[in-house]
């Protein structure tokens, strides 16, 4: 989308930083915008060495859609978990699930793992060292395959699409 | 002024021999003799004046605050001693030239000797009490060096130390005594003191002062019971013994009696203390002199005895006795020096000083024998010799004494016994060595010594004889002058003559002579009598005493300082409980005028959590990680409390420090045992709980007491001036970077030093690295969880942004360089945790020490910058600048200062933690690494 | 409230001191850290306890005493530096002396860890 | 603007930072920088002393914030004297250190300078909390220096030192806090002024706070029962550091004098002379125990450390007497004891190097190479620390004894004198063992029975005969020794003017009003400009 | 306008209470549930959301009283939503490493929880000196 | 209404924190305690924000931000400790 250059290695990050700066300052005066832009330029340059190679973000708008989907799921998840927690009889069938990953890049995997944790009944507990399998703990699962398919459908595919890998 | 030269010349002279060489001995001796010769010349030049009753004085101001003046006087008493010291001293120099063996270090000997001579001259000429003490102590010290001259011999070392210990102790007593006298009189000026007899003796401090002074005098002059050091000082080379035990060292003690006589004598106390001590010493010395087999031993005990005579004389309440004492000082000096030198010659020539081995030396060394006989006769008090005259005076005066009241006849009787003994040992000394049949089994065949070595002996013997024959002619003037000084007035009229007619004293003398002869002949009975007693070696006893003292000291110290931190900490707590307790018990109540503010549930919950966590930290301390978690709850609660009570800056700082602190503690915990073993027993725990409770109670009480009292503080100034004066709205920050910026400079210096100190500690550290955790579980194999790495790299830029934000706003809102620095550091640490040291350092090889140091540097230079404007260090400036399009910008030097803080924090924190990480990584067991 | 606050400070100080009297380096360091928290709370309260009166000049006109806060800030930083040094020193002592006892007593490490 | 007052802090700070910026590379340039800076410091301090002799109390308002609001540095006779003393001591120690030993670990030179900064700051500051800060600066620097070169003994005693001082810092903060809570100010002159107008109930609080400070200062000063950390720590410290540490206990003594004569002077009413009774008795006990310690020491370094304890007892006894004469006496004694005990540590190190395996232990061992030089210096040092005249120690002791009245303070005389005797006995034993007993076995090996251990040591030494040159103290070491030990004769020769100075200092200390006036009354002449 | 304020107040109050309730449920679950892995669910989801709600309430509140959008709270929310799952992840990882006890109902046939998988039995010597 | 809601919320969070404390105290395992501690951090963020609303000030906003960020780092550090012993390797 935005061409990567030497002096602007991570455009999206720069944008995020500028936005954060303005959020922090609570001001959109010219001075703050200039200063924010400067920071948005300098900080990525400084921190660039500490970034691992990034997959290209191909469809930012899909990312926005993804975020809203996760937010929605979070709310549902909370209600479900609350119900389970408050259930005086404590009826649950917890399980560990080995989720075979299709994603290969770390950033999307991280986003996926986080999404899984934040959303209904599941917590990602281990990314194995080969980065092929994500172990998930589900609080109340009927069928493991079902859960895997759901995750694949709701989160991993969109992520694959977003990062096009 | 030339008076001072008498003392100072020998002092300078003590440097002279050091310039000479051990090879050119004649030159060395000659050079050494120059200074005392000149000094003697000066003294002689003053002689006429002194004998006329003048007291020449010279003074140089030294320490007015102490009343110590470099003041010298040359009255008759001083003159008498000066002549003795310098005269005999010169003879000793000559004698030494021949006495010392080739291997002995002559320059060193002469240097010590001259130092000793100086200090003796100082004592006798001092016109100031404290100055006298100064030289007094110097004689102890220089005699220590002289006695220890042959330091390879154990006897020499021990003898030297013993002499130093005894005379040193006496010196300290003397100091106390003289200071007391000074306090009584209000001056240390000798003349003033000597003129204040009434004042002194009526003061309640007189008796302690007298005792202390006498303690000094008696230790120095080897009076019983302090006599024991003297015989062991014989380990010194003979010239030293000759000098120390005839004219000098031991005479310093009796000199002091004479010197202080006008001020201190005349009281009952003086009479008994001095007189009886002298008497006992006289008998003691004489008796043991008879028993000794070592030539020098005999002479040493004889010295003790003669010093007893002199002391006795000063103790008798009579003016003539004082004169006799002075006279005996001179006489004793002459014959004793001669005898010591003779003994040295005998030792030198025969290779032994054992009287049982020596015999019939007169055949080999007739001249020496002659000298020995003459000097021995003087010592024995044979008529026509000088010793006779003074001894007879002693006997005569002993008849007059009021001492012991009804039993006063004991004094002359015992004095006679002493004289009798003296005759006996003199006889034994002379006859057994030089006569008594032909010599046998001597280690070496003796010869007559070199003439120049014998010359001093001859000169001294001649003096003995001449004085003995012509006492009035030779001695009257000098003695009168000396006596008038010692008696503070005119001397009694002296009638020094060989013949005073038949009087009790003469009869006593004769008794002594005959009795002595008889005793000598029957001496085996005495030896037999003495054999019943176990011989005890004073040196051994002394050594044992010292050893015992040292051991007791060591035991005391070891038990007190057992190297236990707990013990030391305990003392600290006890100290706190004592002082704070003593203060708090005085208050009527803790509650001040202010009422408690109302409580709410949140506060109660917070307090409960904090207290619970604090207690849990302590209670669960044996499980270290849990204790650490509890600690971090306390940290969290502390920062919440700061937030609750209007201290946002503190809350932020506490939070940021807390996390770094936790990381640090955990890093360290890895290398320490994970659990603390159960070590303290119940009593110890109970004790510590009680102490801790007491301490906590005091802290709480103080806190409550302060909180319930109103406060008028200087803080209004800061609130009022923060904006106009410091250009910032956040008063806490303005205080930190401006009002009290100096504190902050110190604080970041501390941080920087701590980091550097840690760097030093990590240097060449050999770590103990557990290969499994506390429960024996091996470590996980995943070094750097991948998801963590991704999040860390994402957070870093955000954190940097936040930290920049916090930094910039610090002056006007909560924040500032310190917090910003910690945020930056924490974010970088997260990266280190997530990615490891190698990965991180590889990508950004940063040296942290220069950053930390540069930070302090920036802050310092900001402060120095104000010099340019003629303002004090750290004076701030700020201004508002209008920039088109952007608007008003406030720029303050405080920001620059804060930048220094920021850099220091970042540099120091990472220097501490990253270095630690780096070094552990280097040492991590390779087993794990391969699998990684 | 003041009483509760003082009590909290006291208990934290007591706990810290109790730990400082222990025989191993780590509890001692933890105890001294705890003590420093207590002391910071103590020093902080010397200016009085007030809510909603942060010493940031605005138009409220109600400010708490800023000076103790500045002092505590300095004290926190210094305390951190000191703790850091002492904990690394504790590590060094373990490495050099072979024991983490404050008095450096040699003990059987393996037995100690198992017990 | 008279910036001279801040220079004793700035000069070492800037020099220290410059030295720390580059920790690698050759040691020589660092030594040159360090020595130059310290020489400059000596010059600066000399000028300050000169300035102080006009009896004006000057202050320097940092950041141009006037007292009591800003932090000030105060130059009076006492602070001038203390910084001067520090500078001289530092110069001697640094000369010695620069002969080698400063490269055993990193950053020695820089830390040394920062240590000086901390000490000077503590002496100059007129603000109680700033005193805390400088205490911490000097402590943290001392921790690092103490560990310089590593080694078990250093680490072990170092941990005790650090832990106790951490506890001490906590107490300091409580003390300062209570004083602020009751008085509402931090400036010491202002505190003195406010104490005078305090009501009854808060007096007790002030007393508690002040006594807590006393405990802290006593810990630093090494007063009984808080001195136990000192002997091991000092004995194990690297020599130049131990030498510099001779001033550290004096910082504690100084703080006691400053706080308890200024804030709790006669104007404080019932609080006047608050600390002195405590100090008096504990000082006597310290003195006595110092004497016992000197006697008990098994090596020269420990002995030197106990001599410090002894001197602290002596000084504090002077403090406890709380009179102008006693203060004057103790200040003279302080100069003497600081420099000479410092020198003694250097000497112990030199001797220890030359004695090989026996080191500084008081046992028979190899003879030292430079027996005349070292023996002479030891004699000088021993005489002066044991108070044998004519050197400075005796003068100081006599001054102190003189200022005490045996009627009112009956214990000082016997305890001080007996401790002196203990020192004489112990030091003569030490000297005779180190210098005399050693040589005997060396030269008369044929005659004497051979000590197997010695023999082995001898064998070990033989191939290293060529090392003699390296082992002998070089010119820098000797210079360092001479600066510190040579101070004793110098203090003796100039005892007249020096005691005059200390007397004037004591009188200035007694004149509270002048101090408070000079600092709190604006447009007085003491504004430092 | 009054209506708007009332509505906003209602919204704020709703978020406040919802936040509190969610947080409470999360912590309650943490306190009550049977095993670590189950307890993990509460905080990682509910508590995060609870705090999120409070932050939303705060943003609304300050926007309301300042009359302009006040979105600083967003930052905290973003931070929280980035970090909370990762904390949970690492905690779970540690728990797996510790092989913490599971509720008996749990299906735990994964390799991380099998005995003796990556165990090297501690071999007497507990440490290693380089 | 707002006041009541605020107080209810505060009360709920306070109770939550007490529940967290319970878990920290009883464990049983280290991860339990750490989890509880982490939750405590998160809940205190809310408390600080609520406090800000109560006092009508945004002064404490940064404190909340910092807890969010630094609490995370502590938790990570402890977990790393449990897993590897050595935090920075």
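Order as written gives the chain letters A, B, C, D, E and F; numbering starts at 1 within each chain.
What we mean here is this: a residue touches a chain if its C-beta (ideal position, glycine included) is under 8 Å from a C-beta of that chain, and two chains touch if they have at least 3 such contacts.
All figures in this text were calculated on a predicted structure; none of them were measured in a lab.
Asker: Hop distance check: chain D to chain E, minimum number of steps through touching chains?
Answerer: Contact-graph shortest path, chain D to chain E, evaluates to 2.
Asker: With one step meaning two chains touch, work out the least steps from chain C to chain D.
Answerer: Minimum step count, chain C to chain D: 1.
Asker: Would you identify the chain whose C-alpha centroid lies closest to the centroid of all protein C-alpha atoms displayed?
Answerer: D
Asker: Using the touch rule from the top, work out which pair, A-B or A-E, shares more C-beta pairs.
Answerer: By number of C-beta pairs in contact, A-E is the larger.
Asker: Among the chains, which is located farthest from chain B on the basis of C-alpha centroids?
Answerer: The most distant chain relative to chain B turns out to be A.
Asker: Just grab the chain with the largest centre-to-centre distance to chain D, centres being mean Cα coordinates.
Answerer: The most remote chain is A.
Asker: Just how far, in Å, is the C-alpha centre of chain C from the one of chain B?
Answerer: For chain B versus chain C, the centre distance works out to 40 Å.
Asker: What whole-number Å value describes the gap between the mean CA coordinates of chain B and chain F?
Answerer: 61
Asker: So how far apart, in whole Å, are chain E and chain F when each is placed at the average of its C-alpha atoms?
Answerer: A distance of 10 Å separates the two centres.
Asker: Take the average of all CA coordinates in chain A, do the same for chain F, and state the distance between these two points in whole angstrom.
Answerer: Each chain reduced to its C-alpha mean, chain A and chain F end up 22 Å apart.
Asker: Going through chain B residue by residue, note those that touch at least 2 other chains and give them in order.
Answerer: If we look for residues of chain B contacting two or more partner chains, we find 563, 565, 569, 644, 648, 669, 699, 702, 706-707, 711, 713-715, 718, 739-740, 743, 747, 750, 753-754, 757, 761, 766-768, 770, 780-782, 785, 787-788, 791, 795, 798, 802, 813-814, 916.
Asker: Quick check on chain F: which residues sit in contact with 2+ other chains?
Answerer: Those would be 10-11, 17, 30, 34, 59, 65, 69, 76, 80, 82-83.
Asker: Among all residues of chain C, which ones touch two or more of the remaining chains?
Answerer: Residues 20, 25, 28-29, 38, 40, 42, 46-47, 51-52, 54, 56, 67, 71, 74, 78, 81-83, 85, 89-90, 92, 96, 102-103, 109, 113 of chain C each touch two or more of the other chains.
Asker: Okay, in this complex, where on chain D does chain C touch?
Answerer: 129, 133, 136, 139-140, 143-144, 147, 150-152, 155-156, 158-160, 162-163, 166-167, 169-170, 173-174, 176-178, 180-181, 186
Asker: Within the complex, which stretch of chain C touches chain F?
Answerer: For chain C paired with chain F, touching residues are 51-52, 54, 56.
Asker: Report the residues of chain E in contact with chain A in the complex, numbered from low to high.
Answerer: It comes out as residues 22, 25-26, 28-29, 32-35, 37-38, 40-42, 44-46, 48-49, 68, 70-72, 74-75, 81-82, 84-86, 88-89, 92-93, 95-96, 102-103, 105-110, 112-113.
Asker: What residues on chain F touch chain E, complex-wise?
Answerer: By the definition above, chain F touches chain E via 1-2, 4-6, 8-13, 15-17, 19-20, 22-23, 29-32, 34-36, 38-39, 42-43, 45-46, 49-50, 52-53, 56, 58, 61, 64-65, 68-69, 72, 75-76, 79-80, 82-83.
Asker: Touching residues of chain F toward chain C in the complex: what are they?
Answerer: Of all residues in chain F, those touching chain C are 55, 57, 59.
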